[in-house]
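For reference, the structures are reproduced in the following blocks.
Look at the two complexes coming up: chain A is in both, with chain B in one and chain C in the other.
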Partner chain A sequence: MRSPLAYTPRPGPLQAASPGAAVAYLGALVTVAFLYSSPLVLCGAGVAAVLAGRLASATRAVRAAVKLGLLIALPIVVVNALVVDRGATVVARLGEWPLLGPVEVTAEALADGAVFGLRALVAMVAFAVYSACVDPDRVLRALRPLAARSALTAALVSRLVPVAAADAARLRDAARLRGPGAAPVGKAPLARRLLAGSLDRAVDVAATLELRGYSLDHPRIRRATGGFSRPGRGELATRRSRFDRRFYATGATVLLIAIAGELLGADAFRAFPTIEVGLAPATLAVAALIALAGLAPLRRKPRCRSTPVATAPGARPLGAPGA
Partner chain B sequence: MPETATRRRPAPVLAVEGLSYSYPHATAPSLDAVSLEVAAGEFVLLAGRSASGKSTLLKAACGLVPHFHGGQIDGSVAVAGLDALAAGPGRLAAAVGYVAQDPETQIVSTTVSAEIGLPLEMRGDPASSRARAIEEVALALAIPHLLDRTVDTLSGGELQRVALAAALVTRPQLVLLDEPTSQLDPVAGDELIWLLRRLNEEWGVSILLAEHRLERCLAAADRVVAMTSGSIAFDGPPRDFLAWSQENDPALETPAARLFSLTAIDPLPVGVRDARTLLASRVDLPERGTGPPPNVFRNSANPAPRTIVPAPQRMRERRGSGAPLSARPLAARDLWVELERNDEPHDVLRGIDLTIAPGERVALMGRNGAGKSTLLKAAAGLIDPVRGKLEVPGGIALLTQNPSDFLVRERVGDELPGDAGLAALRTVGLEHAIDADPRDLSGGERQRLALAIVLAGRMKGDELPGVVALDEPTRGMDRSRKDELTALVADLAERGAAVVVATHDVEFAAEFAERVVLLGDGVTIADGPAAEILSGGWYFATEVARVLDLPGVVTPEQGAAALREAGS
Partner chain C sequence: MIRRRGTAIAGALLALLAVAGCGLGPGDDVGSVELTVTRDFGAEPMLQRSVGDVAESDTVMRVLERNAEIETRYGGGFVHSIEGIEAEDRGGPRDWFFYVDGVESPVGAADYPLEGGERIWWDRHDWGATNHIPAVVGSWPAPFTDGYGGRSYPVAVECRGGGDACATVRERLGAAGVEPASGSPPRAIRVLVGPWARLRSDPAAAQIESGVEESGVFAEFEREGSGYRLMGLDPEGDAVRDFGPGAGLVAATRRYEAPPVWVVTGAAAAGVRAAANLLDATGLRDRFAVAVEAGEAIPLPLERGG
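For the complex of A and B:
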């Protein structure tokens, strides 16, 4: 089974956009998540990321990221509540703990942890949308002129990780199929076998790369006339998409709103000593505007022009004056 | 002076001279004084048993040997005028393309277009010329619809075409292929061979193809080179090769050639058409079967009509019309299995009804993705059906496609401890290897060890589990190893286990199976005696069946008997 985070080509604006535009757009949402502590604004960024994923048909990726994000957020909240001893509203006294001493869980520490968890959740959803919608080959092609070998290494990793996952599933099946009289396979031998298989695969891939000309020493773009140069206009055009402007503009707008909001005091949240969540118009406006940024991958329905039905010579099309 | 005398012979695309090679730490050389030339535009078939040196020769021709593998080498290899031993695979890549047995191992990128364009990108070609080359090679291989797909959504046949496209995109003069059809179903395998022939004829690409299933590609070849123990034992036209193999290595004979040699018809035939032509002038054949073959390739939107061939008397007796389902080693009723394919739920099995009798030898056949492996996995409890009933009362031992997945320890005895382990080893004839390292066993022995691992503990004393199932066990096997497997399967069935083998190999199925269940897109489209199913179609038919087209005649021995009867 494919990973829900695996890239799937679909005819959506986000998939068609160049990697730079997609990164600018989704990166802006992640930046907001790390810039703000206001739960309202963080929720706005989360809504935007989820909406973007849904509009880009990456619902499975979003769902998987939300599940995983909650699994990560929950321990953050718990650990924060246990280790942070600030806050005025004690909700539980857990007595003396080794290393931690007396543990009192406060509502403020819980809220503080929840903000950290929410931040991680937003970042994970945005990454999941990126992973499912942005063609890794395009990303690496874009990076290749800067660092050819690193880009290729990253390409191999992005290819070999799902292959290793498939190998692991196969090995697990084989372990389940072993007869009850055969020695059981623990996790360590299975991991060793998986590692050995991955190394074999790596050798095969290395051989393939040799055959594809990896050892040749001119990975840069070469003009037809010879010599090396920066990519030409035509080449750049093939890398761009008509949706790029939309995503660059949305990303820039999100950042501008976030900065303006910070300057206007929209990030009004304080966990300690007591919880204070600002609901000022600026905060609400920033949260709402950032949530609206999730509509950027929306695809407009194609406009159909009514074309006249084939008619006999001299006949007027239906609806034409005098018809 | 006549023109022919002045015309120079074109330089060979591949010239190997006195090549000897040993892998690092190997005790014996893999190639021993090999000399070979492949002319421009020639299609050469490389035949030979497993470990005869075919793959090593191909690797030497593309520079992987010795540049990638190391080892000791003597002699010379020239590819399109380049010294391969000096140039290395990177520089040779413009002149030679290489396609390996398992396309999975040579895919590097995520999308098809990126994978095909990678060699050009490595070469530094500009985007515009890359785009054109990708488009052209995709059109030539009939895969333009795949260009935007991710590689992990492709079938085996599609993946093999993508690997071939990546090898061809630089327009090499020579393409080397190492058993490219071993993982493909008969349809995709035949398509690939004829695609190679078309590329050879239209583009003038020289082809050097190593294959075990010679019946599939002999007719497409201009010349055959047979290897034995690292040396070239034969080099000549296909028909002469058949005569040579008849005398020197019958394991390399094609089924049609064996049919002719059993009936003492000369010359031996190169392919089905040749065999028919030769037979037509010599033997008065009984009337050929008429009507279209069963259509097994329809999609779900247009389901194929079921062709249920009546079972012979023995099978009907075994299945027992009135016996309860629980008395059968395997009984499936209206079985539906759903899996995710391309992020969408997909019915892989759609209402399968199947009962198998004790001791029955069943071949499960069909195209890639027809549902064969899924059916076996469902029977073994790895996948839960969404609807229907599936009973395996006597238990099932399933050996999946890759036996190495079962080998995780460094001593055979550690994999199979105790009496149950020893009994399983005895069943597969490996009790002598109890102290061996599984990695030191041959391919066939590793497969038998894996079979022992799935059997261990499922046997009551020497009694086998109700069903022993093998999924694609003949991948990459030569005929002698297939014969060993056939004997093992027969022995297991003799001892009362129902043996079910999912396979693409029609010749192997004809040898071992008494019943064939043909699946197509998750439904049973034919179920009956092997001799009838394998003689009633074009693709899922043996070479002898395609030559003679007589109902129930699938093996050379059956064909020879039919011809003798026709002659008497």
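For the complex of A and C:
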């Protein structure tokens, strides 16, 4: 079974966009989450990330990220409530605890922790959308001119880890198929077998790389013509997507809105000494606009053409001589 | 069967939590506290209010947060500013310090629980001379009335050649509702009354001669012939004023963890009498220590340059 966060090729603007554009777009949402403390704006960024994931057909990834994010957010809220003794509204007195002393849970500490948790949740969803929609091979290709050896290592890791996971699944299946009477197989023997298999494969991969000339000084890229050289400007240009501009523009707009909102005091949230959530027009506007940024991966319906592509037999197309 | 056992365990846990002082909400109402905020050793009052509805979960920090606009640092445990007046480093380090019932707290404001009736005093002052002022007189009649730190202490008036001034001190304490113990019981809050030449043999009072770093009292007694002269110090700890021969001093200090010791003293008997007459809320309110010269109460420390 594939991980819900694993990249799955699907048709869609976010998948088609270049990695840089997708990172700019999703990174802008994460930046907002770390820049703001206002729960409204954080919810706006969260809505945008979820919307982007759904529109990019990464619903499973979003769902998994929300579950995982909540699992992380909950301990953040609990720990914050236990260790932060500030806040005017005591909701529970938990007596004396070793190391912590008197523990009093305040509504303000809970709200403060919830904001931290919400921030983690938004970042998690945005990362899940990135992971499910951005082709890691394209990311590596984009990085290759900057750090060839690191890109090669990352490429190998990204290929070999799923293969090792598949090996593990096969080994477990094999162990189960021995029947209910067979002695259970411990994790250590499984891990040993897995490690041995991985090392064998690593030796094979190393030999293949050697044969392909990867041990030479400058790693080379095979061109479509069959020779070895760096890709030309034209080749890079063809990898750009017509959706890039949309995602770069949305990311930049989100950042501009976030910065303008900060300057206008839209980040109006204070947990201590009492909870104050700003509901000023600027805050509402920033939250709404950032939530709308989630529509960027929306696939537009193809425009109706003014000239019909196919016409009835015998009929002449409009605009043709004599029509 | 298993469900019954689970219910029993849950009930026992809840009972245990209740016995351990746990519960929902802020807890019972414990009464009211006095909150005072000043600057520069009490010279500039900023806030003076009686705060009601103090709950058993309240701390010094919570009461301050509810009644003043504050900013904190270091995870909320350190007060950086109150009503926009910030701690600062320019021109001598200035920070916010707090005293409860006239005694410097050994714990942070967020860890100081309240039991009702306390007098909380926040003051932002220059701590270039000392950052340890163990006791102050500005919360009179605390700590004599209800003790400090959640405990009551007996009050002992030790008359060491104070003459009439001792009776005045007893009378002022009585007027504040304090019945001094006879003799000097152990762990008592002591009031030493007498000329400095007699008081200086007491180990706690002798800290005043060791300097402000030791005693937290911005005053010194300098030997002059067979007697002493009272010198007033500025916030830097420099002697800037030589009080006259009839000057008196009311100050509080503390040695280690022992209860505070107040000194009602002077270079001569006239000074001791004048100091004893200062013992009331009017004469001592929001003062760290007070000198008296020619009937005029002079708060200590003195301003720079005297």
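The criterion applied here is as follows: the second predicted complex is superposed on the first by the 244 of 323 C-alpha atoms of A that agree within 3 Å, B and C clash if a C-alpha of one lies under 4 Å from a C-alpha of the other, contacts with A are read in each partner's own complex, and residues count from 1 in each chain.
Quick note on the criterion: a residue touches a chain if its C-beta (ideal position, glycine included) is under 8 Å from a C-beta of that chain, and two chains touch if they have at least 3 such contacts.
All of these numbers come straight from a predicted model, not from anything done at the bench.
**Student:** Check whether A:Pro162 is in contact with chain B, with chain C, with both or with neither, and answer first, second, both or neither.
**Tutor:** It touches chain B, and chain C stays clear.
**Student:** Between chain B (first) and chain C (second), which does A:Ala92 come into contact with in this model arrangement: first, second, both, or neither?
**Tutor:** second
**Student:** Taking the superposition on A as described, I'd like to know which of chain B and chain C A:Leu190 touches: first, second, both or neither.
**Tutor:** A:Leu190 contacts chain B only, not chain C.
**Student:** On the A-aligned overlay, A:Gly181 touches which partner chain: chain B = first, chain C = second, or both, or neither?
**Tutor:** first
**Student:** Looking at chain A, which partner touches more of its residues: chain C or chain B?
**Tutor:** Comparing touch counts on chain A for chain B and chain C gives B.
**Student:** With the two complexes superposed on chain A, say which partner A:Val205 touches: chain B (first), chain C (second), both, or neither.
**Tutor:** A:Val205 contacts chain B only, not chain C.
**Student:** Examine A:Tyr7 and indicate which partner it touches, taking first as chain B and second as chain C; both and neither are also allowed.
**Tutor:** first
**Student:** According to the stated criteria, A:Gly101 is in contact with first (chain B), second (chain C), both, or neither; which is it?
**Tutor:** So A:Gly101 only meets chain C here.
**Student:** Which positions of chain A sit in both the chain B and the chain C interface?
**Tutor:** Common to the two interfaces on chain A: nothing.
**Student:** Tell me, which parts of chain B touch chain A in their complex?
**Tutor:** Within the complex, chain B touches chain A at residues 62-64, 67-68, 88-91, 93-94, 97-98, 100, 104-111, 113-114, 118-119, 121-129, 131, 148-153, 166-167, 339-340, 342-343, 377, 380-382, 397-400, 402, 404-409, 414-418, 420-421, 423-424, 453-459.
**Student:** Once bound in the complex, which stretches of chain C touch chain A?
**Tutor:** Touching chain A: residues 17, 20-27, 55-57, 59, 61-62, 65-66, 70, 72, 75-76, 110-111, 113 of chain C.
**Student:** Per the contact definition, I'd like the list of chain A residues that touch chain C in the complex.
**Tutor:** 84-96, 101-102, 104, 272-274
**Student:** Taking the complex as given, what residues does chain A use to touch chain B?
**Tutor:** It comes out as residues 1-2, 4, 6-9, 60, 135-138, 141, 144, 155-156, 158-159, 162-163, 170-171, 173-174, 176-183, 185, 189-190, 192-193, 197, 201, 204-216, 218-224, 228, 231-232, 234-235, 238-239.
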